[in-house]
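Below are two complexes that have chain A in common, paired first with chain B and then with chain C.
Presenting the complex of A and B:
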C-alpha cells in the first residue's frame, strides 16, 4: 500500500497499481485509446496524460504505476489542454468521413472529440491517405486505414488473446498502418476481435457493412448458443433482421472477445428456410396445419402409447425452462423416464463425466481455475471447441506465468502457450490419466486400496498404460512432477471423456490423488452445446433427475430408445431441436429406427431430415426470439432475452411445451406465456438453483470485472457413480482392423453441430468437408495440404479435401461433425466416435 | 349664421345627396378597372415561391451528376416526427459521391411538418426542401415520396429567385390534377 493524492484527495492504494486504474476507481474520467485492461500496455496514444505535481512533463497514466507520495492531477488546465491537443493531432490525418463510416454514432474518437477535443482544427495541410477505397481483409473484415488512430489494439488482441498474430504495424509515424502482411487476404480465425476492439471505423464488419446506424438498432442481451462457454453477446436487429452480434468490454466472462461462431453465426435467425407453420401428416404427407390440429394430433398420438414405449429427446441448446418442463412432462404426466438430452453420448458416460468433474459440487469459475499454478487441459480440442476459453487460458497464463500442460491427440493453437504438450493416441485419455494416477498415487497407496477403478488400472501397470496411450513414461512423469511442484492445480476436461467414457474413471482418480496430496484442484468441464450442463441439471437424463438426483427407475437413453424403436417397440417420440437422422452413429440406423416409431413429433426451427419423418412438426424459435436461461459449462446461469417476434405462425418453444404439458396433465398448471414463472419453479424445486443471481451488470464499463460468482449454481449432495466401461474404443478399432489412421471427430472452429451450417457467413469460411492429419503423415503419404483424398472406413467412404495440422499425433485423422456432405457419424459404429480409416489420394 | 350652423347645413346637404355613399361606391367601382389581386390558381396561374420556401424534399446531385446523399441517416435522426427512412447500401459504380448510397430514402409527407431540420442536419446538402407544394393526394401511398422521384430535376430551377406569378396550365389526368407553370411567362404579384 502506498499513499497518494489524486486531485487533492489522499488515498491508500496498492503498490504497483496503474495511475489510470487508481483514478478510475475514484471515479475520475481519463480518456484512453490504446489502453485496454487485458492487453499489454504500450502507452502510445497519450490520451491518458496526467500531471504529477513536481514533474514537468505529463505522464501517461496507463503505464505509470503509482508511487508513494505522488500527487496526481487528472483535470488540471495543462492536462485538459494536452488532451485537446492530442486529439487535434489525431485529426490532422484522420479521414473524418463520419457520414459514410460504419462506426459513426458509436465511435470513440467522435465521443472523445465531442467531450475533450477542439471543435475546430488549425491544420490546413493535405491529409495523408493510406489508400483510396476500403479493402477487404477477410470474408468478415473490411478495412479503412485512413481512420486509424494507431492504438494497435487490433494487433495486440490478435496476438495476445486470440493467439493468431496475423496483424502487424507497417510503416512509422503517420505512415503507420495496422494491417495484415502485405495487406493480403487473411487466412485467420475470423473471430472479428480486431473489429470489436478497434475504437474507430478501421476494422469493420463486412456482413454489417452499410446496413444500419448504431441508433437504428434495437438490441437485447443474450448468450452465444454455439458452445457452453457462455459468452455474453448483445444481439441487434434492424427492421426485423438480426444484423449484428457483438460483445462488450467488461461484460460477461468473455468481455469484448468472441469467436467466429459467436460473432458471425447470428444470421441463422434471418434464414428464409425457417419453419413458420405447424405441419401434420395427412394421408402420408406433411401438410401445413393449424396449431389446434397439431396439438389435437399430439393429444391423440401420445394418449395411445404406453409410458414405457414413449420417449423424448431435447436439444442441449434449449433453455433451462424448456428442458425442465420437457423433463417434467415426461417424468410427470407421461410417466416415462425415457428422456435424454445427449444424443451423441450414453447416459452412463454423462454420469461418469459429471462425477469426474465434480459437477454435483456446484459451479466453478474458470477464473478460479486459472488462478492455479499449473493448469492441465485434457480431452478437449479447446482452441476449436471453446475458443473463448482458449483466449482466457492464453491471456491469464501469459500474464501470471501459469504452467500449462496440454494432452490431446491433435495439435491446437493453445500449444504455443503450453510448457508441456502430450500427444496421445485417440481415445486413450483414460490410459494416459491412469498412468498419471498410478504415478501420483505411488505415495498414497492406502487411500486407494479399496478402489476398484484404481485396482484395475494398477493391474494393467504404468508401462502398459503409457504404451497404449503412445506417450512415453518420462513425459507422464514430467506432467506429474509439474503437478507435484504446484500447490494449486486447474484441470480443464472436455468432451472426449464423453466420447470415450473409459477416461472418466482415471480423471476422477487423478483428481482424488491430487486432492489427497493436499493440493487445491479446480476442475472445469468444457462442453460444446450451450446448455448441456443445464440440460443435465434440469433432469433431461434417463437415470438422473434435477440436480443429479437419482431416479427410482432408470429410463432409456437415446440409444436405448433407438434400439427399442428399431425393434418396432417404440410407440411415440418427441424430439426437440435435434436431428438424429444425420447426427446419430451408424449409417441409416436412426432413420430406419425413427421410421418405425408409431408417432413422431419434431419441434425445430428448420426443416431437418428428422422432421421430414415426423407426424407432427412444431415450428419453434431461435435464441433471438425467446427468453430463458442457460447454464454454461462452469455452472453459470445466465439469461437470454427476446429481441424478435417468432417468424410466421411459429411459437416460442416454452409456450409449445407448456401447452402440451397442460394437455397431458389435464390442468392449466403451467402459464403458457411466461418463462419467469418456470424459473421461479426451478428455483423452488432444484435446490442448486435456489440462490443463483440472474441480474447482470450490462453497462459498458472500462473495468474488467468479468467474474460474476453469484450466478454460479450451488452444490448438491447427490452422489454419482462411475460407470464401468473399459476399452470399448480400443476394441472397436481392433475389430475394424487397423487401416492406417484413427478417425476422430469434434466440432470445427467455425461450426457447432449442424445448426451453424445454416449461417451464410460461417458457411463462407470453409468450402466443403475437410479431413485433417499431421504434417508428417501427409509428407509420408506424399499428399500436400489442399489435395483431394478418399477416406475409406469399413462402413463408409468419402472424398474430402486434406488439410494438415501442425503438432498432431501421427496416425490421427480428424473430420469435424459439421459437414452435410460428409456426415462423419457414418464412419462410426453406433454409440462410438472412433474408427479406423485409410487415406489415399483420389 | 354661426360657424356651427354652417357645418350642420353642409352635413345635412351631404347626407341628403348620399355624398359618402357615392364616394364609397366610387372606390368599389374603381376596383373594377384595376387588375385582380388574387391569382387565377389553379386555372391559369401559379405562385412560384422564393428559394427559402420549405416544400417537398428534393435530393440533389453534384455537378458531375453524382448523388450527394451518402445515406448517413442524419436527416432521419434529426427529424422530429420520425418521417424519413434511409437504408444504405454499397455502390462502387459511382452512383454517389461516396461508395455509400441510399438504397431507400423515403419521406412520409403525411407526418412531415416542413421544419427543415433534415436539411440542416445533412452533411452533404443532399436533402433540401424544395418549392413543390401541391401535395394533396387521394391515396395514402402517395403521401410517401421516395428517392427516385425526389432525385428528378426540380420543376422550378435553382436559378430562379421566385416570388412571382407564372402562367400555368391546369391539367386533369388519370394521375390526378396538376398545375404546370410556364416559367417563361411570369408577372409580379400585386401588393
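Presenting the complex of A and C:
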C-alpha cells in the first residue's frame, strides 16, 4: 500500500495500481480512448493526462502506476486545457461527418468533445483523407478511416483477445491507418470485436449500416442463445426487426467481446420462414388451424396413449422455466419419465460427464478456474465451439502467466498460448487421461484400491493407454509434472466427453487424484447449447430429476424412444425445438421411427424436417420474443428479456407448455403468461436455485468487474456415480477397417446446431461444406486448401471443400455437424461420432 | 519470389535473435536490397510466411519506417531530403526546388531512367549538420547547391 493524494484527498492504495484506476475508484472522471482494462496499455491517445505535483509534464494516467507520496490532480486548469487541446488535435483530421455516420449519437468522440472539448475549431488547413468512399473489409465490416482517432483498440483486441491478429497499424503520424494487409478482404473469425471496441465510426457493421440511428432503437438485455458460454448481449430492434446485437464494456463475463454467432447470428429472428400459425394434420395433410383446434388435437392425441409409450424431447435452447414445466408435465400429469434434452448424447454419457465435472457441487466461475497456476483444456474444440471462453483463457493466461496445456486431436487457435499441446487420436481422451491418472495415483494407490474404474485402467497399463491415445509417455509425464508443480489446477473439459463417454471415468480419476494430492482443482464443463446445463438441472433427463436427484424409475432417453418407436411401440411424442430427423445420429432411422409414432407434436420456430412429420405443429418464439432464464455451463443463471411480440399467431413457448400442462393436470394451477411465477416455483422446488441472484447491473462501465458469483447455482446434496457406458468408439473404427482418416465432428466456428444456419449473415461467411485435415496430411495427399475432395466412408460419401488446419493430429478429418447439404452423422453408426473415411481429390 | 540468396541472408539474420519475429526489419531490408530497392506486397507475404507472423504485422513494420519503399516504386537512388525545422531554416526547400529543376521531376517522382526518386523526410536526427539528406544508406550533410550537384553527378557516374 502506498500513500497518495488525489485532488487533495489523502488515500491509501495498492502499490502498482494505475493512477487511472485509483482516480476512477474515487469517482473522478478521466476520459480515455485507447485505454481498455483487458488490453495492453499503450498510453497513446493522451486523453487521460493528469498532473502530478512536482513534475513539469503531464503524465498519462492509464500507464503510470501510483508511487508513494504522489499528489495527483485530475481537474487542474492545465489538465482541463490539455484535454481540450488533445480533442482539438483529434478533430483537425476527423471527418466530422456525424450526420451520415452510423456511430452518430453513440460516439465516444462526440460525447467527449461535448463534455471536455473545444466547441470551435481553429484549423483552416484541409483535412488529411485516407481514402474517398468507405470500403468493405469483410462480409460484416465496412470501414471509414477518415474518422479514426488511432486508439488502435481494434488492432489490439484482434491480436490480444481474439488471437487472429489480422489488423495492423499501417503508416505513421496522421497517415497511420488501422486496416488489413493492403486493405484486402479479411479471412478471419468475423467476430466483429474490432467494430465493438471502435470508439468512433471507423469500423462499422455492414448489416446494420444506415438502418437506424441509435436513439431510434428499442433494446433489451439478453443472453446469446448459441453456445453455453452465456455471453451478455443487448438486442436492439427498429420497426419490429431485430437489427443489432452487441456487447457492452464491463457487462457480463464477456464484457465487450462476442463471437461471430453472438454478434451476427441475431437475424434468425427476422427470418421470413418463421412459423406463425399452428398446424394440424387433417386427412394426412398439415393445414393451418386455430390454437383451440391444436390444443384439442393434443388433448385427444395424448389421452389415448399410455404413460410408458409417451415421450418428450426438449431443446437445450429453451429457458429453465419452459424445461422445468415440460419435465413436470411428463413426470407429473403424463406420468412418464421418458424425457430428454440431449438428443445427441446418451443419458449415461450425461450422468458420467456431470459426475466427472462435479456439476452437482454447484456453479464454478471461469475466472476462478483461470486463477489457477496451470490450466488444462481437454475434450473440447474450445476455439470453435466456445470462442469467448477461448478469449478469456488467452487474455488471462497471457496477462498472468498461467501455464496452459491443451489436449485435443485437432489444432486450435488457442494452441499459440499453450505451453504444452498434446495431440491424441480421436476418441481417446479416456486413454490419455487414464494414463495421466495412473501416473498421478502412483503415490496414492490406497485411495483407489476399491475403485473399479481405476483397477480396469491399471490392468491395461500406462504404456498401452499411451499407445492407444497416440501420445508418448514422456509427453503425458510432462503434463503430469506441470500439474505437480502447481498448487491450483483448472480443468476445462468439453463435449468430447459426451460424444465419447468412455473418457469421463478417467477424467474423474484425474480430478480425484489431483485433489488427493492436496491441490485445489477447479473444473469447468464446456457445453455447446446455451441452456444444456439448465436443462439437466431442471430434470429434462430420463434418469435424473431436478438438481441431479435420482428418479425412482428410469425412463427412456431419446435413443430409447427412437428404438421403441421403430418397433411401433411409441404412441405419442412431444418435441420442442429439436430437429432429430437431421440432427440425430442416423437421421433416416429417426425419420422412419418418428413416422411410426402414433401422435407427434412439434413445437418450433421454423418449419423443420421433423415438423413436417408432425400431427400438430405449434409455433413457438425465439429468445427475442420471450422472458426467462438460462443456466450457462459454469452454472450462472442469467435472464433474457422480451423485445418483440411473437410473429403472427405464434405464442410464447411457456404459454404453450403451461396450457398443455393445465389440460392434462385438469387444473389452472400454472400461470399461463408469466415466467416469473415459474421461476419462483423453481426456487422453491430446486434447492440449488433457491438463492440464485438474478439482479444484474447492465450499466455499461469502465471497470472490469465481470464476475457476478451471486448468480451461480448452489451445490446439490445429490451425488452421481460414474455409470457404466457401453459401446467403445475404438471398436467402431476397428470394425470399419482403418481407411486413412478418422472422421470426427463438432461445431463450426460460425454455427451452433442447425439453428444458426437460418442466419443469412452467418451463412455469408462460408460457402459450402468443408472437410478439414492437417497441413501435413494435405501435403502428403498432394491436395491444397480450397480444392474439392470426396470423403468416402462405408456408409456415406460426400463431396466437400478441403481446408487445412495448422497443428491438427495426422490422420484426423473433421466435418462440422452443421451442414444441411452434408449431414455428417450419415458417416457414423447410430449412437457413435467417429468413423473411418478415405479422402481423395474429386 | 525471393531468390535463394535472399533466403539465405534471412536465415543468417534470424540467427541474431531469439524469436523469429524479431528478424522482421532485417529480413525486409535484405529483401529490399536484393530486389531493386523496392518491396512488394508479395515480398511482404513471403517474409511473413518465413517468419511465421501475420502479413499485416510485416506491413505495419514496413509502413512505419521511411526506409522501406513499398507505397510506389522508387529509383535506384532514393533521395530523402529532410525538411524539418533546422533543415528548412537553412534552405532545404531551396535544395529541393533545385533538385526538382536539375532532375526534371517534382517531389515524389522518379526520373524516367529510374535513377533518382526525390522525396522528403521528417527529422533524420542530424540537425547539427543541417541541411541534410539521405540517399540509400548514406547521410549527406551541410549541403549547398554545389555539393548537391556534385553528389548527384558522382552517383550517376558510379552507376
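Just so it is clear, the second predicted complex is superposed on the first by the 839 of 842 C-alpha atoms of A that agree within 3 Å, B and C clash if a C-alpha of one lies under 4 Å from a C-alpha of the other, contacts with A are read in each partner's own complex, and residues count from 1 in each chain.
Quick note on the criterion: a contact is a pair of C-beta atoms (placed from the backbone, for glycine too) under 8 Å apart; a residue touches a chain by one contact, two chains touch by 3 or more.
Owing to the predicted nature of the structure, the values given are computational and were not obtained by experimental measurement.
Colleague: Return first, second, both or neither, reflecting whether A:211 touches chain B, chain C, both chains, or no partner chain.
Modeller: First partner only, chain B.
Colleague: Look at A:97 in the shared chain and tell me whether it touches chain B only, chain C only, both, or neither; answer first, second, both or neither.
Modeller: In the superposed model, A:97 contacts chain B only, not chain C.
Colleague: With the two complexes superposed on chain A, say which partner A:170 touches: chain B (first), chain C (second), both, or neither.
Modeller: second
Colleague: If we overlay the two complexes on their shared chain A, which of chain B and chain C does A:279 touch? Say first, second, both or neither.
Modeller: neither
Colleague: On the A-aligned overlay, A:182 touches which partner chain: chain B = first, chain C = second, or both, or neither?
Modeller: second
Colleague: Considering only the touch criterion stated at the top, classify A:133 as touching first (chain B), second (chain C), both, or neither.
Modeller: first
Colleague: Name the contact category of A:350: first (chain B only), second (chain C only), both, or neither.
Modeller: neither
Colleague: Quick one: is A:162 in contact with chain B, with chain C, with both, or with neither? Answer first, second, both or neither.
Modeller: In the superposed model, A:162 contacts neither chain B nor chain C.
Colleague: Show me the residue ranges of chain A that touch chain C in the complex, using the header's touch definition.
Modeller: Against chain C, the touching part of chain A is residues 159, 164-173, 176, 180-182.
Colleague: Flag every residue of chain A that touches chain B in the complex, lowest number first.
Modeller: Residue positions touching the partner: 97-100, 104, 133-134, 209-213, 215-216, 239.
Colleague: Inside the complex, what are the residues of chain C that reach chain A?
Modeller: 41, 44-45, 54-57, 59-60, 63-64, 122
Colleague: Per the contact definition, I'd like the list of chain B residues that touch chain A in the complex.
Modeller: Residues in contact with chain A: 70-74, 77, 87-90, 92, 98-100, 123-124.
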